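By written order: A, B, C and D. Residues from 1 in each chain.
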């Protein structure tokens, strides 16, 4: 029987990543208190040596199916543990590969409430990734993406100056209360590498991100809670630069006992209400660099 | 030579639309004062009688190419005229079809300035469509999609009440000035059918939409113009419902001489800064219904 | 307290749909044999009379949350039943509305196998919608979107002619075996209205669509099953026109006892491997029209 | 007047990239033989030192507008030259930045014909990027994305074996002619860094990619040219791995005189017709590594 993939080549090139992308599957994640079913999207890769014509891609799907079945049958896992397990299995099945890589993303929901208001299931995006080297260390990371709100500090001060110059006698009040500015939907993300003997909880990363925005957003808001969020955002105006820096500060504080070489990536993008384009800030770094 | 499409069928079904989608081409549109090149996306369809196996789809691409070539060689056209011309040609080439339909969309740029500030090229989306019946009237329509800003009137009054109750002695000022609320990026669209002997300019539709938002947005804003837009939006707070209604009012006013059966479609969607979901309002109607 | 939405207007316009879009929630659907958790996206609307300034959008989210909670607590539901239930509740909570509308979509997975090969969870998209009139009938519909494969019958015959003219002595074999053509990923969808006293199962619609394609596709394919699918697709070459018509035929057959006014919508779009654009066919009709 | 961005911070973090994303503008590119207007999307960034609160984002839009105006007024530029010019200008205007970065992408059209058939405008995507260091070298790169066709060599041999075993007496013919397999739309991309004193033409990269696929695709195909493409693809079956390697080989050959440290990135993704997921291969490397 023909095995075209296993043909040997001469003078060809090795490939960095060969695999399958955009594979969707339901995933069962077990938490201490409950079992959650997510709809996850997977990319699965191995590398390919120069002398081999093709990678056996059907093995990637078999590995995925097998590891997901094991999850259903019982082990409590997080998405990043799942990724690491798939990586290990990919290396077993692709005997020619020197490394394997898995990327997973899924919508994730957490019950939240606002100041005693109605609670609601809020949506977040979780992104896990894992990479495994046959001769060397495996690495995994966990990331989250949060939709929240930023209010612009610059336009607020500009308008405040204007209001004060129109109503100079009311200077005191106009300096004390939050003043109108543009505010908008912001999408921020944080990704942290997980060292071998540590744990990083996705929900902690979500808390860090929501804490760094002008305000988190909530799906069910009665009128008074809507006003709470508006007021919170305006007493807490932030550039995307501020969001990224406050996330970096919180990460430093939270993961004090993790080693210097842990990679950290933070992004914040505001879908500016006064522009058709977005404002963006990013820091790609390590805990060590941040500690300097 | 085999012509599989022309095989005759028995007992089969006619089809409403058969054609090609997501065809991208550069389009040259000639204006009185300038020539504009747009990157447009086309969908082109004809219907298919029950007794014919297939539609000759390559003819759609040939027709498109031929009509676009004619545009380059000289005639001043708008996207909706282009659509009507393609429709007519599709009917000629698909001799079995009783109707043809074309949808076109393209980014479109207009030079705008803010209160004497730096002018900038602002981006809009134009959507034209045309339908042509072999035995009957052709119809065409033009639509635009505009990115702008809405500020919520409800949260503003809720916060105002709160501020007044905290500073009752400042009631007068707090009632006079615009108060903080949530504002956000809004995408609104307006589509108007064009009766045979009338003209509808896309730029007029853009003006109507921008006039109905809390404020239009601009790409280049120095600090003072940013404050102008923030203030304008907050002295003009609007629900998506208000936006749609104000567009309907402006359409009634602007197209007073167009007949009752002209179709009008207005949508407004706010990418809520305090929620992860959007607020949406829509009216699908005719000029006649609006005049009642 | 200010209730801006309830302000009365004069001389304004009624609105067709006012509500919220892109609301994502986990949904628990109970089947005879198992419980499935889907990640669904919802749009929820009511209409708005001319004299009322705004719709209370937070009620839409409250209704959604409440109905989803009831689902978790016990009742077996399908997505379209869920939609109908949300519609009824929206009418209760928006006392000024004359109709309510809900659209739901969610990835859905079914275990499938190929000719005794490894079974795998295949992904589909389910789209349910419901509309409810205060003075009149409610309506609901269920739709599915399926990713499959089409092989072009026209190019196959053209190439066959060419091969026969090159090898005239082998005419018999070349007429008997399937010949190379272009084949590609196809996305087809079917939506059927559900009359009051009937049931339509999403999985039946999926079976109809998969049966009408050149071949369904599967996620895990060992070499021989890959060949099975390739051979099946090429002994069953289809235009998008054929796919839509075969779906229409199967719908007629399957829903013989449903009334004439039931709406049916079928679409098929092939992401052509030999073009950068897609081929598309559609029929929007009723069972009555199809029976003529 | 308040300049919130210029506030000084203590103990904060520097940021890797701060700027604006998703800015769309028409761009005029001058070629020896013609002038082309593209609709381009820009991302523009600078870095931000730890002690400065914010970057002045409006300057990014001013710089973009100014450089685009200069292009219209006369200089012949490519997108990557445009990117380099914007980078230089960003460094001038953001006096606090140590580096600037620009990413540009735009649909691009080239007239192509098939074996003497009707020619048509084919669509490609160009991606240019540039980065400029105040204390150090600037770098720029040009990339293209091409939609083409791959036919699977593995399924072809599997089916061939099957056909031969069914018709053993026809072994000779069945070994000589191309046999059915799955083929599909493929999206491949190539990005090459441009050393200071060299030129890389986007159209050359497009030629390299189209030459490495099983077959390029064309928008207008009469029946015989459709058969030509089908036959070409099937006499040239390729995995995504083959596509990437053949591109790498062609790059080595074409850019023999460029230095070892030039970065090269090649990706190929097939939207598998027999699966719902994609097959993917990638190599990220340098000319030096490829030459080893």
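Heads up, the rule we're going with is that a contact is a pair of C-beta atoms (placed from the backbone, for glycine too) under 8 Å apart; a residue touches a chain by one contact, two chains touch by 3 or more.
Since the model is a prediction, treat every value here as computed from it, not as a measurement.
*Asks:* Could you name all chains that are in contact with subunit B and with subunit D at the same time?
*Replies:* Shared contacts of subunit B and subunit D: A, C.
*Asks:* So using the touch definition from the top, which pair is joined by more C-beta contacts, C-D or A-C?
*Replies:* C-D
*Asks:* Taking each chain's centre as the mean of its C-alpha atoms, give the chain farthest from subunit D.
*Replies:* C
*Asks:* From the C-alpha centre of subunit C to that of subunit D, how far is it in Å?
*Replies:* For subunit C versus subunit D, the centre distance works out to 35 Å.
*Asks:* Distance-wise, how many Å sit between the C-alpha centres of subunit B and subunit C, to the nearest whole number?
*Replies:* So the centroids are 27 Å from each other.
*Asks:* Counting only Cα atoms for the centres, state how far subunit A is from subunit C in Å.
*Replies:* 31
*Asks:* Please set out, as single numbers or ranges, the residues of subunit A touching at least two other chains.
*Replies:* 1, 23-24, 61, 123, 154, 158, 219, 221, 223, 226, 275-277
*Asks:* Where on subunit A is subunit D touching in the complex?
*Replies:* Residue positions touching the partner: 1-2, 4-5, 12-24, 43, 45, 48, 53-55, 57, 61, 153-154, 157-158, 160-161, 239-242, 244-245, 248-249, 269, 275-285, 290.
*Asks:* So in the complex, the part of subunit A that touches subunit C is made up of which residues?
*Replies:* 1, 3, 23-26, 36-39, 58, 61-62, 65, 107, 109, 118, 120-121, 123, 219-223, 226
*Asks:* Can you list the residues on subunit A that touch subunit B in the complex?
*Replies:* Checking each residue of subunit A against subunit B gives 122-123, 147, 149, 154-155, 158-159, 162-163, 167, 170, 173, 177-185, 215, 217-219, 221, 223-224, 226-227, 229-231, 233-234, 271-277.
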